[in-house]
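Structures incoming, each one as structure tokens.
Okay, so chain A shows up in both of these, paired with chain B first and chain C after.
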Partner chain A sequence: MPSITYIEHSGTEHRIEVPTGRSVMQGAVDNNLPGIDADCGGECACATCHVYVDPAWLAKTGTPGEQEASMLNFAATAEPNSRLSCQIEVSEALDGLTVRLPEAQH
Partner chain B sequence: MNAPVQLDHAEIAATTPLDKLDVSDPALFRDDVWYPYFRRLRRDAPVHYCAESMFGPYWSITTYKDIVQAELAHKVFSSDSSLGGITIRDRQKDLRLPMFIAMDPPRHDEQRKAVQPIVAPGNLAKLEHIIRARVCEILDELPRNETFNWVDKVSIELTVSMLATLFDLPQEDRRKLSYWSDCATALPMPGGIIENEAQREAAFAEMLAYFTTLWNARVNAEPRPDLVSMLAHAPATRDMSPREFMGNLVLLIVGGNDTTRNSISGGMLFLNQFPEEYAKLRANPALIETMVPEIIRYQTPLSHMRRTATADVEFAGQKIRAGDKVVMWYISGNRDDTAIEEPDRFIIDRPRPRQHLSFGFGIHRCVGNRLAEMQLKILWEEILKRFDRIEVVGPEQRVYSTFVHGITELPVRIPG
Partner chain C sequence: MSEAGIVIAGGGHAGGSAAAFLRQYGWKGPITLVGAEPILPYQRPPLSKAWLKGEATAESLALRPARFYTQQNITARLGERVTGIDRAAQRVILSGGGTLGYHRLILALGARPRPLPVPGADLPDVLVLRSAADADALQAALKPGRRLAVIGGGYIGLEVAASARALGAEVTVIEREPRVLARVAGQNISAFLQDHHRAQGVGILLGAAVEAILGDAAGVSGVQLRDGTVVPCDAALIGIGAVPEEGLARDAGLACGNGITVDLAARTEDPAIYAIGDCAFRPLPLYGRSMRLESVPNAIEQAKQAAADICGRAPPIPEVPWFWSDQFALRLQMAGLAFSPAQAVVRPAAEGEGFAVFHLAADDSVLAVEAVNAPAEFMAGRLLVAKQQRVPAALLRDAAQPLRELTG
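On to the complex of A and B.
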């Protein structure tokens, strides 16, 4: 099972095995990880599962689609490597992925 | 209940022919009897056309899932003020106000970003101290062993005080904000806060004059972290027309007033309606964290948002035509048992309590959501430190409105 590392804003790291086909957001929520709210439940309709993708992984996670980009546009702390984690599907290719969590989710 | 006769609303909701069902009557909300009507629609006609109402023909979207999808379809479901904007009631064409909630991309995105910094994490942290100080002052002045209106003494006081801080205007002017907010959302009627549209326009003109003075002072000064300064300096808003400035002021004032006010009132009411939840809270104040979003869901301070179809579209099996009015009933989606377990119960320790529709979803999602939650959180922390219980001692009075789902009077008493 692919392993994803989530780093909280405080620096605390969580290494979690997430089944392929789940999203990076679901991996966090299934394990009650603090710092990912996912208010809309994965519809790309809020921006509360915002993560920063480790730049080394950006080529593999891909870039935001149109709807995701418009939601990220309103995230107060968005950076060029920002993604909504509900839109990143876990696959074997993402085994070892690291994402950092923002200071707060809006 | 203001009606002279007790109507059996469950019976009426169950037996009215579907094509005659109209959920837009403001009396349904004033009398708090809307539940069975929306339950019927969710079950029998989740996307429903009402051909005749006091607001003209409109579509209702009533299930949680469909509302989220409608929010995402902003290209075909427009918010633009020139088409009618975001509430079920159409203002006459020449009185429609442009404001960023009632715009589509790209202008919506540009103007919204101008005020976004007010709720950035850093600014929220600064505001927390100011809110707490104000909450303490308000609570410490409350009378004991005496009946008073919680809405006036706490809900309105706290929200206008906060909003005065966000605009950086003198605290002694704070009640002007609730007055303008109430003028903005009221249905004109004899004896009401406004009796006709001319009175509403007069209140708006007074508001515009007041804020233009602030604007003029701040546009020539260094940018500061208040809403007027932000609007005066941001490239997307600094050249706004007076009507657009007026519209955005209405948006920020109503957005910061009615919603939080009615969640503050609702929370007090719900804890009294569900004493076992109040007991749970007293035993474990840490539950404030999950109670706050549950209050916001259970109250649903804005019953709906409206869109206008810009093209013929098939939505959830129904054919919606270009120009049709489409109403997303948050108040219904938040009681949809296919999305939320036991939705008619107020449960302060729900799992995933932030999954609710009160803030909307998609690009128009409430910009102040975390600030609103913070105000409620601080209020309840300070209430629990001071008062063992606050008792609701009489029936509440509700707003006659299809849009603002609010409480005007909540008689309470603090034993002590």
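On to the complex of A and C.
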């Protein structure tokens, strides 16, 4: 099972096994990690599952879709490596992925 | 006797989220979630959309997987409900006859569909949509060529109408007010959606009061309007709003307005009892008043407020109320509440065919935004509402003005 590392804003790290086919957001929610709210449940409607993808992984996680990019445009504290984690599907190719969480989702 | 922990009455989005936040915030004692439905907490929004269209699974609907509750040491008592509260003894009475002591009690009781007081409302195939079981019954009634009458042009009614069309059913929406979404959206949005639904083959009757639902023990045959018109149908969905489940709190002597009255920490007047989600009548600091909000973001926000208070954490920063709805290929996103707006300003989306309506107060501060296929405008609007920023209407209307410059 692919392993994803989530780093809270405080620096606390969580290494989680996430089944393929689940999203990076669901991996966090299923394990009750603080810092990802996912109000809309993965519909790309709320931008409360914002993460920063480790730059080394950007090629493998791909680029945001049109809707996602528009939402991120006005997300608080967005950076060039920002993604909405509900839009990143976990696959074997993402085994070892590291994402950092912003200070707040709202 | 075991240590009294947190009892959560209600296993919906609010109750399920409260259990999760309590553990996140460090509550180590027992947590018992008492849910009337036979399944673990799940997302209700897809019930009128993906679930109805057969595009979701039980797994994707679940708020969290079953193992979550084991791992987090949360006891879920499903198929049970709290039927009474003994405040003096800090104990709840369960429908199964047992009792549970509590250190803190969180009421996450939800709301129930508002009944339609007309003859025939109890006929077979007169349906409502609140639970997964309701959605399954509705899905069974929606076959290609079958005729569905939707009573009530609110979000549930319009989302079901769109899904029913996708399933090949014939749909007529019957709305009592002169426009759909009369209580919850501005005029521009109502007019746009009416046109869009009609273009997709949905019949929309406005200013149409229902007199009776016709049929017999075999099923429903039509909806009769006050003017004598009969809308023939094979099934009817009643979606005319929801009533808060506050009876338990009232019986326990807790103050209720339209919902159980709470403060910004989701506390009722009893310091050991909280109320969250659809059943709570809560303050909205941004607007200087209290109201009941029926939305997932509200359920989550109040779950955080209650969990933070119980765990002795600082209260979360109040959020801008927001909502979303998917109908056909339209995504609606709304933030803020347009209490006494002075004007509505329409702005085309920077990308694509969408648009957003900004509602401004008399001093030009942004009260609310309603966006249709305009996610950037929604996000920008939500920021403007949170900051109560003043933006001249002329600037907002001018699509050549970058949104980025308006939000500062």
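Heads up, the rule we're going with is that the second predicted complex is superposed on the first by the 106 of 106 C-alpha atoms of A that agree within 3 Å, B and C clash if a C-alpha of one lies under 4 Å from a C-alpha of the other, contacts with A are read in each partner's own complex, and residues count from 1 in each chain.
As a working rule, a residue touches a chain if its C-beta (ideal position, glycine included) is under 8 Å from a C-beta of that chain, and two chains touch if they have at least 3 such contacts.
Here the structure is a predicted model, which is why all the values come from computation and not from measurement.
**Q** On the A-aligned overlay, A:Gly62 touches which partner chain: chain B = first, chain C = second, or both, or neither?
**A** Once the two structures are laid over each other on A, A:Gly62 reaches no partner at all.
**Q** Classify the contacts of A:Cys40 with the two partner chains as first (chain B alone), second (chain C alone), both, or neither.
**A** A:Cys40 sits against chain B and chain C alike.
**Q** Under the stated touch criterion, which partner chain does A:His106 make contact with: chain B (first), chain C (second), both, or neither?
**A** both
**Q** Just checking: does A:Thr77 make contact with chain B only, chain C only, both, or neither of them? Give me first, second, both or neither.
**A** Once the two structures are laid over each other on A, A:Thr77 reaches chain B alone.
**Q** Per the contact definition in the header, classify A:Asp30: touching chain B only (first), chain C only (second), both, or neither.
**A** second
**Q** Which residues form the common part of the chain A surface touched by chain B and by chain C?
**A** Touching chain B in the first complex and chain C in the second, residues 37, 39-41, 43, 45-47, 67, 70-71, 73-74, 76, 104, 106 of chain A appear in both lists.
**Q** So in the complex, which bits of chain A are touching chain B?
**A** Of all residues in chain A, those touching chain B are 37, 39-41, 43-48, 67, 70-71, 73-74, 76-77, 103-104, 106.
**Q** Can you tell me which positions in chain C touch chain A when the two form their complex?
**A** 20, 23-24, 43, 45-46, 63-65, 68, 71-72, 296-297, 300, 317, 319, 322, 324, 326, 331, 333, 351-352, 375-376, 378-380, 382-383, 403-404, 407
**Q** Applying the document's contact rule, which stretches of chain B touch chain A when the two form their complex?
**A** 68, 71-72, 105, 109, 112-113, 116-117, 119-121, 124, 354-355, 359, 361-363, 365, 367, 369-370
**Q** Spell out the residues on chain A that touch chain C in their complex, using ranges where they run on.
**A** Listed in rising order, the residues of chain A that touch chain C are 29-32, 34, 37, 39-41, 43, 45-47, 66-67, 70-71, 73-76, 104, 106.
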